[in-house]
Every structure is written in structure tokens, then in C-alpha cells.
Amino acid sequence: MSERTGSPVSTAAQGSPPSAPAPHLPDVAPELAAPERSGRRGSALVHRLVVVRELGILAALLLLVVVTVAVNPRFLSGQNVRDLLLSASILTVLAAGQTMVIITRNVDLSVGSVLGLSAYASGTLLVTAPDLPVVVVVLAGMAVGAACGLLNGAIVAVAKVPSLVVTLGTLYAFRGLDSLWASSTGRLQINAADLPASFKALGGARVLGVPVLFLIAVAVVLVMGYYLRTYRSGRELYGIGSAPDAARLSGIPVGRRVLTAFVVNGALAGLAGVLYAARFQTLDTTAGTGQELFVVAAAVVGGVAIFGGSGSVYGAALGALLLTTIGTALPQLGLDPFWRDAAVGALIIAAIALDRTLTLRLAARLRGRNVRGS
Amino acid sequence: MDRTQRPAASGDVVLALEDVDKSFGAVAALRGARLELRAGEAHALVGENGAGKSTLVKILAGVHAPDGGRLLLDGAPVHLDSPAAARAAGIAVIYQEPTLFPDLSVAENIYMGRQPLSGGRRIDRRALAARCRELFDRLGVHMDPDRPARGLSIADQQMVEIAKALSFDARVLVMDEPTAALSGVEVERLFAVARALRAAGAAVLFISHRFEEVFGLCDRITVMRDGRWVSTAPTAELTVDQVVRAMVGREVASLFPKQDVEAGDVVLEVRGLTRRGVFSDISFDVRAGEIVALAGLVGAGRSEVVRAVFGVDGYDAGSVRVGGRPLKKGSPAAAMAAGIALVPEDRRQQGLVMELSVERNATLTRRWKLARAGLLSTRAERATAADWARKLQVKAGKLADPVSTLSGGNQQKVVLAKWLSTEPRVLIVDEPTRGIDVGTKSEVHRLMSRLAADGLAVVMVSSELPEVLGMADRVLVMHEGRLVDDIPRARADEDSVMLAATGQGGTAVVR
Amino acid sequence: MAVDTTPQSPVAGSAAGGGRAPRRPLTLPSGSVITTFLVLFLVVASVAVEGFASTRNAGFLLLDVVVIALIALPLTLIVVTGEIDLSVASTVGLSSAVMGKLWFAGLPLETIIPVVLVLGGVLGAVNGLLVTRLGLPSLAVTIGTLAFYRGLAFVVLGDQAVADFPRAWTTWAISGIGATGVPVVVVPLLVLVAITAVALHATPIGRSLYAMGNSEDAARFSGIDVARTKFWLFVAAGVISALGGVYWTLRYGSARADNATGLELQVVAAILLGGVSIFGGSGGLLGVLAGALLLASVRNALQLVNVPADVLNIVTGALLIVAVVAPQVTAELRRRRPRGRPAAA
Amino acid sequence: MSSFLTGRRLRGGLTGVAVAALVLTTAACGGTTRGEEESSGSGTDGAAASADPNAEIPSGLAVAFLPKQVNNPYFDVAAAGADAAVSEIEGEFTQTGPSEASASSQVSYINTLTQQGSDVILTSANDPNAICSALDQARSAGAAVVTFDSDTSPDCRDLFVNQATAEGIAQSQVDIMAEQIGGAGQVAILSATANATNQNAWIELMEQYAAEQYPEMEIVATVYGDDEDEKSFQETQGLLQTYPELEGIISPTTVGIAAAARYLSGSEYKGRVALTGLGTPNQLREYVEDGTVQAFALWNPEELGYLAAHAGAALAAGRITGQEGETFEAGELGEYTIGADGVVVLGEPTVFTADNIGEFDF
């Protein structure tokens, strides 16, 4: 909100005339031609920085695991790793969706409430119609989430109001809707006993020892990551976040793309709600409360720029994994659990500070090679 | 470009605007505007700032929809209701300010939304880079397609924009003041591209304030004034004077009226100023009553030097003295206290707070001086602002209106008022007349001349050679971050300045 | 005054030359709309809601607004410069926790309060340094410190509650002025409001805040030390939030690490409702106070007619959205108005 | 952004979303205090008045039920009990309350009730001290204040209806655990928040009682799940990693026991590690049926609400004033006697097992 971008590209660079004219263009005096300056190294550098960024999270993760294992070797037991992956799955799905929104220079703070609403909706659905196939429940939960996302996205895209404010409002409104629904039906809590066994099996199910919930999260991340990188509309999302005005002038349907990002994010929050229901099997109107902090934190820690335009779903997923691991590791390290929130906060700050430093260095490198004056 | 696909033969009207109206709220930007572009012509659109040129461009680009009138493409009415529609119609636009995505690669910037695809509608990255390289080869640009646009120089950004426009195989290429940020060589390169396109049968619409470019490139000239069409005529039948008269609607006084003044004491001393990677070892003096121009190509580091002198940027080595006293570095407040004023390069971003009122802008630099016991009254601000508005003949509806409602020239006067009211000893002006209309331009020049006569030391950064030659007592020329020449008025001409600016001049030892 | 639309008008010419629609501020002008709305609401509620218009209820209502209004003062300045501080409520919590800890350790309140205020300043300075020195976006920074400071509060006090503050202090915190029902603390609050309002609207500093909120570049080129100004604003927000923490602790007579959790939302909501643009550069203090009062009055009145909390949350959320959507929509409608009709300049 | 931490902490404050927020009777009257009890003896004005055991309960008494948080199943059951009692005395029942369990928002609701002129306020405090001044104002405006489930300082309410004594709870938990593990082995405690006064009092009593009665039983650790499901889940996980020899877990909070049960039922420890604590039948039904949990305890919240409402009505009618030794009729539950500090104890907790769990629905 604070950052206003003027000219999208730094103006502090210097220019020298392009060189080696193509044959059909008039000759430029050869002595004016400058040697190649940007070089292929530019992209290599960028690539390296991105990799460094994600490797950095991975390294932090490894360090944490190694230290924890040193203190408590059972940390890496099959059961514990499974539990960890299970815990990370819901946050990962949310972070993947949030990444898509943040990339467009928006944010969705209502995801925790959407998760709660969708979890409660799918729980209610299962209570009233226990024989429904799980797939239908999943789709229904996603539909609820998508509807919420549609509302968010529509207000943001049509009324052109900052998403921060809109989703702050819907964070409250959706939660209110959730509890209003619950109190009007009198079903304040849905317990494990109310849910059909077929659905509950999803929560603990494993394939080759890996929790199914985690596989779902991985699938979401892979699909989303591939989409954002390889499809035109995915690249346009980056364009919108990188320079919204330029995006409009380039004919990118900004409103529609942003709307889509919100709907997809809503649908994923809905999916997360169903996963939540399957995993926790006890649902009340507080499900998912406060998740928005961790979701945004996961994305930011994972290198997704809060002002859009850069970052990847993979990074966000790693961020989610790191945050979850911290939550699991602290008690096992014997640290006061009260330190967890403080650690999460410190990590967010460290992550953005690191990103900033890397970006500055990158910009300096890209520019530095242009200048021969000094 | 695929030249075989062009349906229009040379000379056919490709695109026409008929009686187009456009208003923003109560403000009518266009009233019955007209334009006719033929295949194979370069067509200039000129007019003072506020004449409606940019609005017209945005209508062609599909950004704004006209309120009335018609657009005809190949003689058939067409609705360009989005930038995408304009593109589909074969209209490519290069805007005044580059509009790139800093986080995306150069190749993606060029092909955004049109990336080559392989199976399953996936982007074919290899083909993308290859096409981009091909395009760059045609343009003679050497840039890595995979590097991000972040960190590109303005000129390079403009090159990417040009490449983008080329990649459309556009039938109509609109260039809205593309040369404002380019230096001579780059302008030539751009014109080469425009001529090649024209030769291939495209229509080129060229918007510029620089008459030598307009007359050098264009076949016909359309003049606009106050949102209305004034005239369209072949360039060959026009003179600069005629065009200026049509634009302004009156006679204009001579352009560069600098009077000779006896230079006084040295007021500003810059010694060995160095900012790593940007400029190095810059030393010069400016005397009272003198106008010293800093010339050079865009990117030579001129603006960066004056920014460092004023303290907006820091520097790594060297010193600045004002009236013999050393100046604290990196502090605009200190520079102001010492009597330096800087009218910056970018009026909209740096010179003014566009959303604030004229009076607030005009008194922003004097807010402490106007305060009584720490309190500021709107009345005091208004009185001061009104005083300066009168002195500089600022045309504004109300002083409480946002400064963004003023024309470019009047905005520049507000910037000048803001700085002159600080009663500076050194006035630094960076591109003082960029993007302002002819009439105001000469007013500004007269003002600078008078200020120098009153004993101000004036430093002027300008990319317009005629302005430099007309106004400056001395011309300091920069090339790639170094000061390469110091040319007194008597010796300064286009050749000497350009040679030095391009690094060809004799390595004159400065100072 | 109507804008002259004859060709000579510089106004007409320039907007066209700029090629873009004249940019309307994103928010309601100077909070007058929200103030009107507040007055209307108060009138309607007084008539329609039993028990709303009474001195006792006014006292309750004002007590609920005090801390929100207090923290809104520095935060409004920060938002006007285009930044944000979401860590204010966590600073309240941490101050409260530290206050409790020190009181428990046996220090007198006369010593504790200055210490806590200094602590608040330090917490604000951390935000300020991260934003101005490292150039990090304040949104992200203060989300981080939101979690960090709250975490520290729990590290300091755990889930313990320290009560037992001197009666004289806690009674003062909720006592009214005579029989008016107006809390005593409103007086010092009004003093701070006056100081802030003057600073924002009638001093050179206030001018520079609006300038940097609209264009940081232009502000720097006008000799304004943007970084230093912002730094001190964050420090001020920290100190005032700590003051809020002290008052909160005394008012409820209980120091807890989770005190004022989520309060930042209410403060930000009041500011946005009050017509301050989230992008900075516009808005005023009057509107913010009206916004804070409106939010509290609406909740109070709805509670009095037994509207459930779920609905209150929906109403709060909706109010917030309407507050930002409405001016956008009106601006859009104004833009679409058929040409030729004179518009107010 | 904002409420980022809101909900989480709120639930933390809601010690025992469902239950537990028990209270300590006489012992720690909530909140850590330093030094002397400044307020002791400052009692309430009404307390001195004399009681008339035969006074009529006026019809149309406005009885307000203010839980820690609305939409909480536990309090909803309690509200149903209170509602039943209020209709017996022909009063008007309203339930109100904040959507988040924070003391400050509770204060705002108490103020509203004061303004509305409620005759009886039944509340469960989110903070023992923070709502005191608001309750004082309500009482001076004529309301009778009965706390239940979670008390305030004794001097700012008329009566506290305690669901069970701390000793009763502590002993029943240890006994249930001892029975399952044969009275010997490592046992851990999964608590709510680290300094929830009621939890800590129970834990202390449990440790004492276990040391006296079951010297072979070793309480090896106490961890805190903050009454957050996920946190409790992770803490359970951590316990089993850290103490491979662990025989049993006691979790005297409904969130904790449910999370622990879910973890155990899906892990290799199911049936190997015993689990008991305080929980609601509906949440644990599943795990009792699948054998993860053999027995757990809780009082009946419906009876708690019912008793609190009757106590409030008796206060409002002037039948009692809150003095120790006074007695009152609580409808179907019979006669109750007020203990020291104005505390009325509901009774011993109910133990739920596979045999009787089917009879309960809350």
C-alpha cells in the first residue's frame, strides 16, 4: 500500500547506442556502436538468485531439521514426518492459492474465514447426506470457496478497491456468515461421530506411506506452478502484478485475470476447508481462524514479493513447510512454545529483508555492467 | 514483418477519425477531432500540450472510448473498446513513457499475451527467445531476451517498446513522443525503423515537440489546438513558422533570448564528484549571472550529477561548495538552506505533488518560512501562491485546484514558482522545457535569462541542442559519466557539442 | 464554482493533454460525509433504540472508543504518508505484558509507565528502521512485527494475568466527569487529538506528510526528509500504542499478553471509514474520529437491540467495504456524467 | 490484516473451549496478584442485606446469559439448561455475547446488559479481573450477577456456580488413569494454556494426589496445546517422540483430549497409550467406540446452566444474598447450600465410558 511505482523500470541506468545494425536499416557510424552490454549473464544471474532464494529456505529447513534431530533423534521417525507433512498440507494449499493472488499485487485476507465456511458447509453436507461420494463433497467445498472468491474478486476488480481492505471486510463477513449459519441451524459443532467413515478415511489415508492430503497439496502446487510458468494467462498474472498500468495498456484483461485469481484462490481455500474437515473431523465456527497470517507469511517467507510480480508457488510451498516445521520442532527442542509466534514474526522480517537485499544486488549487477564510466 | 499480407496499397486511407469527441467529466479533451492515416506515410501530429494529442492516441490505442464521432478502419466503422481490440486491428502504440513489466524478461515483455505456443497451449520458451533474438537482430539491438526489464536504461526500455511494436506487424504504428528520452543516435535508429515500416506500407503516426524531427521524418502534418483539428497538410508545403502559428494560434516571439551578462563571482563549485557506476570525477564552477548547460546523451549522467549536487542522491567522493562554504552531502534541506534550487527532470513525479493544490505545491518549499509559531495558515499560503502565480503568469482556474488540472507549461511555472520563492543563489533546471508548449517554452527561456541577469547562477540540463546553444554561456559536455568538454558560447555549435557528447571530441581538459 | 469549458481554460486543456481522466481522490472528501452520517446515525439511534441516548450509555460507548481513537491518531499520520503500521495492537499487548511483569516485580507505576512508553518507542523505532533504512514495505514489516511483538508479549507474561493494580488508578481509568457519564480520560485524549489535528492540518510538518503520501519523490525533491519523518512517525505510533497499553491495562485492571488482540483491525477500519486513502495523501483527522465513533455507535446500538455478534461482524465488514467502494462508485458515476454539464470544481 | 492473531489468541483465552475453564474455588481467585489483597473485605453492598427465604420470585425476571463466546457448543448446552430454568420461573431469557472470547468485548456486552436493565446476569468470565468493574456497575444498577464455569474475583459477583471442585476433578482424572495403566508408569499432561489458573491448580492437585496414592505413577511432563487443535495435536506428537516409554496422557481440556485422541487413533500408539481427561461425549464418542479412549470425565453443562439460573433468580428475588450457609431450591436438582466465598458446587463430574456415552448428547 505504501509503494507507489512510478516508472516501472529504474531510470538510473545509462544508455549507449545499440550496435551492429541489421542490414536493412541504415548504417550507424560504426564507431558509435557499443559492444554488447547486458549479456547472457543477466538471465543467469536472475536464475541464480531465484534458485538461491529457494535454496535458502531449503537450507533453513534442513538446518532446523538437523538441529532438532540432534536434540531428539525421533524427530525423523516415519510417524513424525508423516504428521508433519499432514500438518503442512492445508497451509500449502492455502499458500498456493494466495501466491496466485499476491502475484497480481493483491492479497486475500479472508482465506481463513473461507476455509471455515467451506469446512462447515462440507461438514453439514456430509451430515445431511452421508452417502455422498467424497469427490462431490470436495467439489461442493470448492464451490463454496469459489463463490467467496468471486465476491472478493468482483469487488476488487469492478469497484477497483484495494483488496487489502475488501478482504479485511470479508474476513469478518464470511466468518459472521459461518457462525450465523451454525447458530441458525443449531448445529454448532460437527463431531467425528457425525461424519461418515468414508470421508474420515480420507484424513488418515496414505499411499505408499505418504498421507493422501499431502499428495493432494503437492498436486495443487505442481499444477499451479506449471500453470503460472507455462501458460499465457499465468504469465499475464505476473505482468499485472509487475506493472498494472502497463498490463492494461498491453491489452491484458486485468479485471478478468484478477477476478480469476481470486476465484481460484477461493476454490483452493474451499478445498483446504474440505481437507481441514477430513483431517480434524471436529468442526465449529472457529475453524481456520487466524490462518491468514500464516498463509501470507508462508508466501512471503517463500519469496513471493508482497507487491506482486515475482515469486513462485514452489517457494510458497517451501515457506509453508518451513513454518509448519518450526511449529513442530520448537516443542521438541524444548523451547517455550510461546516463542513460536515470535519466531514466525522474526522469520517474516528476515525473509523480506533478504529479498530486498537480493533484489538490490541484482539491480546493481544488472546496471553495473552497463556502466563503463568509472 | 510480413509485408505480403498488407491489404492496403500505398496511399489508401488505413485509419480515419471523424469528428471524435471525448470528455472527462466536465473537461472536453477532444471536440470534433479529425485524423487520416494513409498506408505508407509518416504522419505527424503536433499541438501544444493540452491540445488533445495524448487523448487521441489513447483512443487509437483502445484505452479510451470516444463519446462521439467515428473511427474508420479501411473505410469501415470500428469500435476499439480495449487495448486488445486495437491490437487486433493492427494498431501498435509506443507511449511517451515506456510501459514495461520490470519483473518479466525482455522477451516476455515483447510477446506478452502472444507468446509462441507449443502443444496444449503451453508457452514455447525456446521459440520465444528465438523470435525475440530475431527481432533484435533486425533492430540491431544486442540485449539478452531472458534478462529482466528491471535495470534497463530508458533508451533500452524504449528499444524494447519499439521491438514490441514491430513484433505486431502493425499496420498503424503510433509513436507518442518516443524521442523525448532518446539521444541523437538513438533517434536516428528509431527513424530508420519508422522509415522501413513506412516503406513496407504501414502508416506511422508520429507525435513530437521537436520540429526538426517532424520535418525530417514526416510526409504530412496534422495540427491540433484545444482538442480541435486545425489543419492537415503535406510537410513540403509547410514551414516551421506556419506550423507554430497554427499550433499556438498567434505569433510567437523568438525562441532563445539569452542576454549577455557579465559573470560575477563563483557561486557553485563542484570538485571531483564521483558516484560509483554512475559518474566520476566531475568538477566545474558556476558564476553568478551565468547560465551553464550540462549537455550529453541521455544516460550520460547529467541528471544524476545535479541530483547529487542538490543532495537527493548521495555521492562517493568529491565535494560541493556554495559561496565558498562546503555543502553537507545527501541533504536537500541543507542544499536549500545554502541557496540551491533544483527544478527536476520529471515534473509529474519529482517536481510536483500532482494531487495537491496549486497553492500547496507552490509553497511546499517555503512551508517553514510561512509558518507563524509553527502554525501554517492557508491564507498565508494562498497569498504567497497568488503572488507568484501573478509574477509568472500561471494560468489556473483556482489556486485550490489540484495542480494536475493545469497544463504542462503552467505546471512547470508552478515548479519554478516553488523554487524561485526560496530566493536561491543557484538555480538548477533539469530539462526545463521538456514536454511544454512553444509559447510557455519561450516564457521559461525569457525568465531564465532574466534570472541570470539578476545575478543567479543557473545550471541547465537539456537534451535539446537548440535550447543549449541558445541559452548557455558555457556548455559542459558529459559522456558516459565523465565531463569531457567545456565549450564557451562562442565556440559552441551543434558539431562541437555532439562530437563531445558522443565521445569523439578532442579530450579537452576541463578545468 | 463551475469550471469554464471554453477553449482558453487551462483546466480543460490540461486534463485532455494529460490524456487521462482527472484523478479523483479515492476517498470521501475530508471526512465530511462520514461525519454527517455519524450525526444522522446518532439522531436515529437516539430515537429508535431504547437506552441508547443516556449519559451512562454515552460513557460506555466513549470508553470503548478511547483506545481506538488514541491509536488512530499516529496511525492516521502514518497512513497519510502512504505507509501502515499493523503492529500497534501487538505493541499494546506487549506493553501491557511488560507493565504487568514489572508491577509483579514490585516496581511502582510511576516508574513502570515511563519505562513502558520508552519500550513502545523502541518497538516503533524497529518498525521505522526496517521501513526507512532497509526500504522494506511497511505492510510486510508490520505484519512481521505484529506476530513478533505479540509473541514477545507471551514470552514475557505467558498466559498469566497480572491484576491487582492500585484501585485509585483503575478507578480513574473508568470514572466519569461528574455526572455527565463522559469518561475523564476523554479530556487528555482530546488534548492529544487537538495536537495531532493541528500538526496534520496546520503545520509545515502536516503539509510534508500529505506531500510524501502523494508523491515521495516530489517530497524528497522539495527538501523534505522523508525517511526521517516516517521514522519518527513510527516511533510516535509505538509510544502512543504503549500509552494505549497502559490505559488498557488500567481500564480492565488486568495485564495480559493477549490484550487488545485484533485491535489493529478496528483502528484501520476507523481510519478507512473516516475517509483516509489507504494509498496515502488524503484524508483528515475529523473523519477518522467520526469513523471510530460511528463503528462503536453502530455496534453499541445493535447490541442494545440484541443483534447477535455474528451479524455485528457482518455489519462491520460490510461497513468497511461500503466505505471504500462508495467513493469509488460515486467517482465513477461522476466520470460517466454526460459531458457539457458543469461539475463542481 | 488485523485480526491475524485474533482468533487464535482468543481461543487461547477461552481456556477450555468447552470445559475446562473451571475455576478454582477458594484457592486462587484468578489472576496473579502481588502483595496483599487490597480489596479483601470490600464486599458488596447487597451482601449485607438480609435474605428472605420465602420471598416470591417475581415473574418476568430478565435473565441474561453471557458466555465467554457465542456459538460455543459447550456454552450452548449450558444456555439450554439456563433457559429451561428461566421458563420454570416464568422469566425472560436472553443469550448474548461476543463472537470472540476476549474480556474486553465481554465488558462491552456487560455494559449493554446494564443499560438494558437486566435483573440477572449469568456469565463465564474470560478474565477474572478485567470484567470486574463492568460487573460492579451492573450490580449497582440492580442486577444480580452469577458467574459459572469460570469465576471472577469473588467481590465482583454475588455467586459462583462451580461445576466441580478442583480436588474432585484432579482425583477423578488420576483415578481413571491409574485404573487403565495399573497405577504405574510414565504419564504426561496435555494442558490448555501455560498459565490458565484452573488448569494449573488441577495439575498441581493431580501431582499431589498421584504422589500420595500412586507412587509408581510418574508425571513426566506437562505441555500446552493452547486449546488449539493443531497445536495440541503437535504437542501430543512431541510427547510421544520425547517419551517413548509413555503409558498415558491426561488432558483436562476438551480441545486437548479431542486432538490427542485423534492423533492416537491414527497412529501406532493407539491402544498402547492410555488417554483420559475432560471432554464432551459428542467429540469423543468416535474414539470411545474405536477403543482409543476408555473413560473420561466431565460434568453436565446443562445442569450447570440450570443451577446458575436458579441461583440468579433466588438472588434477584431476595431469597438469598450470597452469604455462606444460605440455601436455595434449584428446581429438579434440589436444594443447594452456598459455601465459602459465595461458591455453589454442582457436584462430582460424570465419568463417561463405552457403557453410558450413548445417553448423552452434548
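Note that the chains are named A, B, C and D in the order they appear, and that numbering of residues resets to 1 at the start of each chain.
In this text, a residue touches a chain if its C-beta (ideal position, glycine included) is under 8 Å from a C-beta of that chain, and two chains touch if they have at least 3 such contacts.
Everything quoted here is computed from the prediction, not taken from an experiment.
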Shared interface partners, meaning chains that touch chain A and chain B: C
Both-way neighbours, i.e. chains that touch chain C and touch chain A: B, D
Maximum centroid distance from chain C, chain identifier (CA atoms): B
Of B-C and A-D, pair with higher C-beta contact tally: B-C
CA centroid of chain B to CA centroid of chain C, Å: 41
Approximate Å spacing (C-alpha centroids) for the pair chain B, chain D: 73
Intercentroid distance (Cα basis), chain D paired with chain C, Å: 37
Overlap residues in chain D, where contacts from two or more other chains coincide: 1-7, 9-10, 70-71, 99, 194
Residues of chain A touching at least two other chains: 6, 164, 168, 171-172, 175-176, 179, 183, 293, 338, 341
Where chain C touches two or more other chains at once, by residue number: 139, 143, 146-147, 150, 158, 215, 217, 265, 268, 308-310, 312-313
Touching pairs - complete list by chain label: A-B, A-C, A-D, B-C, C-D
Residue ranges of chain B in contact with chain A within the complex: 61-63, 82-87, 93, 95, 97-105, 108, 112-115, 117, 121-123, 137-144, 146-157, 159, 183, 185-186, 188-189, 192-193, 195-196, 274, 276-280, 297-301, 304, 346, 349, 480-482, 502, 504
Chain C contact footprint on chain B (complex, rising order): 21-30, 48-55, 57-58, 67, 225-228, 310, 312, 331-333, 335-336, 342, 344, 346, 349-356, 360, 363-365, 367-368, 370-371, 374-377, 395-398, 401-402, 404-408, 410-411, 418
Of all residues in chain A, those that touch chain C in their complex: 1-4, 6, 155, 159-162, 164-166, 168-177, 179-180, 183, 293, 296-297, 300, 306-307, 336, 338-349, 352-353, 356
Partner chain D, residues of chain C touching it in the complex: 51, 54, 56-57, 60, 64, 86, 89-90, 103-104, 106, 139, 143, 146-147, 150, 158-164, 166-167, 170-171, 174, 248, 251-254, 256, 258-262, 264-265, 268, 299-300, 303-304, 306, 308-310, 312-313
Interfacial residue positions of chain C with respect to chain A in the complex: 82-84, 130-131, 134-141, 143-152, 154-155, 158, 215-217, 265, 268-269, 272, 278-280, 308-314, 316-321, 324-325, 328-329
